[in-house]
Amino acid sequence: MRPSGTFPREWGKVVTGYFLRRVLQGLISIVGASIVIFFISRLSGDPIVLLLPTEAPPALIEQVRQEMGLNEPVWKQYLIFAGKALGGDFGKSYRWQAPALELVLDRLPATIGLALAALAFSILLAVPFGVLSAVYRGSLIDTLGKGFAMLGQAMPNFWVGLLLVLIFAIHLDVLPAYGTGSAAHVLMPAIALGWYPVAAQTRIVRSAMLDVLDSDYIRMGRAVGASERVLVWKYALRNAAIPLVTILGVYFAAMLGGAFVVETVFAWPGVGRTVVEAVFSRDFPVVQVGVLLTSILFVTSNLLVDLSYGFIDPRIRYDR
Amino acid sequence: MSRQALLRVENLRTHLFLKRGVLKAVDGVSLHVDEGETLGLVGESGSGKSMTSLSIMRLLPKQSGRIVDGNVWLDGTDLTSLPEDEMARDWRGRRVSMVSQDPMTSLNPVFTVGDQVGAPFRYHKLAQGARAVRDAVVKVLSRVRIPSPEKRLDNYPHQFSGGMRQRVVSAMAIACAPRLLIADEPTSNLDVTIQVQMIELFRELQRDSGLGIILITHDLGVAASICDRIAVMYAGRIVEVGDVRTMYRAAAHPYTQALLNSIPHLGQRKRRLYAIAGQPPSLIDPPVGCRFAPRCPRRTAKCDADYPPQVELAPGHVTACWHPGPGAVA
Amino acid sequence: MIRRSVLGLAAVLALAPMAASGQGTGTVTAGFGAESTMLDPVKYSAGVDHYFMGQMFEQLVRVNPEQRVVNWLAESWSVQEENGKPFIDVRLRKGVKFHNGDPLTSADFEFAYNKMRDPKISRWSHNQAEVERFEIVDDHHFRIRFKQADGNYIANFLQLWAVPKAYYERVGEAEFGKAPVGTGPWKFVSRTVKDEIRFEAFADYWNKDHRPKAEKLVIKVIPEDLTRVAAFKTGAIDFLDAVPLSMVEEFRKMPGVKTLTVVTGNNLFLNFNTHQEKSPFRDVRVRQAAAHAIDVDAIIKSVLFGQGERYVQVGKGGVGYDPELKPYAYDPKKARDLLRQAGFPQGFEIPCYNLTTPREPNVKEVGEAMFAYLTQAGIRCRVQGMEYAAWLNLARMGRNAPPEMDGVFSHMWSQNLPGDPGTAWAGHVHTFVPGKGWGSYSTTSDAEADTMIAELKLTMDPEKRAALARKIARYKHEKVLGGVPTYRPMVTFAWRTDKLDFTGWPYPGYWRGMQEVVVKK
């Protein structure tokens, strides 16, 4: 058996190689996504028609098309785009006539913040529900937990959002209906967005806990005299966290993508809204940058999740 | 009995309440263990030996298992009547502890060995403060002969070999200097050399501290080497009990004899190993008479009609059989 | 002596803030349902840009709350002729200042004209196509010389915006777009995209009679209807834009709240594929049948909760409005008769294209209702929903690729406020002439209509224009050319009476211009 090296140094060496490999894989995914989106968005239709007023003469339409480089074959357009992009120039938004990168970057923190808050909320509900459901398996608590989680999957997040606005902003007047600025502002959007994954996360925690609670080492812990509380919340939960962390990365990405509905309901100035509106108005540069940044976030969050395994599960530190 | 029995189990009945019915896993078991003595509890799987030990520790599955009758006296205290928090605080892992089957899975993979071995000290408040716990852990790890324990406190279970892990588990079990140690098939998954080491360790502990040990095993060879007495269980009941020599030389119950016959000997020239024909009876609906009868070479109508009473063949040698006596050696 | 001067000083100091803040205090907090993408008037692209732009920038003339076009930055103007070519002679108002203190002069309008006619800068450059040159006579007198008459120039409020030349050239286009400077009653303070825009009242605003009496204006962008309503109900905003149709009644009855319901300037109609040879709609009887088949009033009442105005060709108050002209009555029996006469006793099947993007509230539901009526009368609709871009693309003429607009099309074309059909009819009634800008979305081809519409373009005199437009409207109505008009959408605003007084100015800003808003103490 390998002797124990000091944890940080050994881990560092192995992780660097692994890390580099994953970053390379990530880069390939990102470039791939950018190509696909570039081609598909141009298939979706003609942005010029949307930009110019209806009575614009065809000559003007053609001229604008030429100016924007949209008359070139698509592959050529991509090369031009890629060339400029490597220099940091992602073009100007057709609609806003401002640099697309700036437009998207300015709104990105708001969406990331919202997605993180939603994720935190979902974990805050899923972990206790999942653990209690497992510990009191078959009981009323378990049934309630499952029912609650099912509700989460059945209710669409815009509906939850509107419901929250109705109850807490209009009727009870304890929370602001829209906008940003304080913790109170992020509460309802985070709940509306984080609602849906609670079901899946609860199920995962529950089944992981059930597995773990049945294990020999938990039995050993019990035999050694640990109280149920310590066994469940310290020794069992850490093991059950591993599958949960796996899907957290996926759900974070899902929340980034699904945020636009919640952003619209709560007038949250995020990137989701920006990109979706750009899709509808065929604002290709903004769509391109938006998708690019989102795919970078997605790849990064998955990478972080993978790296975090090493923190949670020491067995994994050495077998890359 | 002249010596005060460390452990006295009287008429223990443990039932498992399952969907398909009530399983009478332990159906009237009585035994005793003296200080410094090792009792071997032998039987095939499903005989109730693990359930007996779980009942003593009160570690039965919460939703389905329950001790429905009997008492378990340890040092004069009836463990079956204690409230759960007292049992956990003062007894389980402290005065009676357990080492279970598979060392590979008995340790929590995501916590350090230092944390896990320190756990019993923390729970039973035998060491206060991180420093004291650490010292106690190092001490007990050296006791189980783990080299350079102070360097390995931050290691994880997967960084230890199988044999080392078994020692770690044993360390957890003896950390609080228990009075009774229940070892449930502790050597079944280890190779022979490690088995020998484990056995030596247990004996040493026993010599030093008067520890009583119940060794649960299906391996009569291991039982012979370290047990003082052996109790044989079948279908939830003890069918024969006696000291080691008697059991191996003059076992009286047909089941015990069959078990002895199944041990392959070095130099044995047989094509097929002896196996006992048939299956143990259902414990949900056990038969009225002797439970081994269907598989017994000495079966008579009487055996099926009534359950045989306990018969003391010699001091300390008890069996429950209508036709006890030396059997044919196959 | 000293006491008097101290008192005097105190009085001056006390009054100074009031004078400096433009005789107003307090903040107007408004919630809009959409936001502008452009703040620079020479770069403005769509109607929604007026929402913000209209607070800061002004034109030579303006539509007042009574829907009459009045002189604004122009003290006076007239259409004159020289050598057979028309020109607009403009005398600029004196003493008008930009937000940065620069005085307004002819050079600023010339500057705007040069930018607005440049297709690289402006998306509406074609509107300046007939202008030959911009002639400055002096700082407050200029002439717009035309190659040939252009009635649309007059119809579109003389097109030009007051843009500060010196300032614009100094800071550059990008900076100007981020922090614009105009002559309007509100001065730009800050903006966060997708969130809000802030203004403060312009102390040196030229129009002392019609100006806001407030200190600050904050416009919050809240696209989701219910959230916007929630913001109003909880008091987070005091002025609510676009009350959801289903809640208008509730708001009208709300104590302490006043509402204003007005037409938005858009005109909806149903168009037909009369450009295709085999189309049943080539027969005027079939078109008339379609007009009789739909109960527009019922649709307005139930689907739009009454928030729609029936119109026939030109809306009330518009150029060419004819009170004598009545819409085709809802008469399904007559519709079926007409179909039979036209040779369709069993009716016929036809694709019907519906806009699903809510460019106007409930436009999808209205379309579905109209198609249901058509189906009942025998024009059996195969309804196809399309989102905005695809819908727009389908209606465009001159594409040499599928899809084909081969049926009924739920269409819209703004005639602006108070209403002038010139541009709209040039686009969807005049025959499509590739390369000339006529009929870019037109399936109609009628020689007489073409002649009249072309003449309308050349008519700059308002009275002659109105008369000609009426004539075209009647002709169009009888022959059901360029589709069947259905309704004009309406929008409702609401505000708290204990906080605000609001008078709606139609344009620019499409009623959202806070020209005359008063914050009550």
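Order of writing sets the labels: A, B and C. Residues in every chain begin at 1.
Going forward, a residue touches a chain if its C-beta (ideal position, glycine included) is under 8 Å from a C-beta of that chain, and two chains touch if they have at least 3 such contacts.
None of the values given here were measured: they were computed from a predicted structure.
When C-beta pairs in contact are tallied for every pair of chains, the largest tally goes to A-C. Relative to chain A, the chain whose mean Cα position lies farthest away is B.
Averaging C-alpha coordinates per chain places the centre of chain B 90 Å away from that of chain C.
Chain A and chain C, compared by their mean Cα positions, are separated by 40 Å. With centres defined as mean CA coordinates, chain B is found 52 Å away from chain A. By the touch rule above, chain A contacts chain C in their complex via residues 44-47, 49-60, 63-64, 67, 95-98, 103, 106-107, 162, 165-166, 169-170, 173, 176-180, 264-267, 269-270, 273-274, 280-282.
Residue ranges of chain B in contact with chain A, taken from their complex: 57, 59, 63, 85, 88-89, 91-94, 97-98, 100-102, 105-111, 116, 119-120, 123-124, 151-152, 154-156, 158-161, 169, 172-173, 175. Against chain B, the residues of chain A that register as touching in their complex are 1-4, 7, 137-138, 215-227, 230, 235, 238-239, 312-315. By the touch rule above, chain C contacts chain A in their complex via residues 37-38, 43, 45-46, 119-120, 123-126, 174, 177, 192-195, 220-224, 226-228, 230-231, 233-234, 236, 357, 387-390, 392-393, 396, 398, 413, 423, 426-427, 434-437, 440-441.
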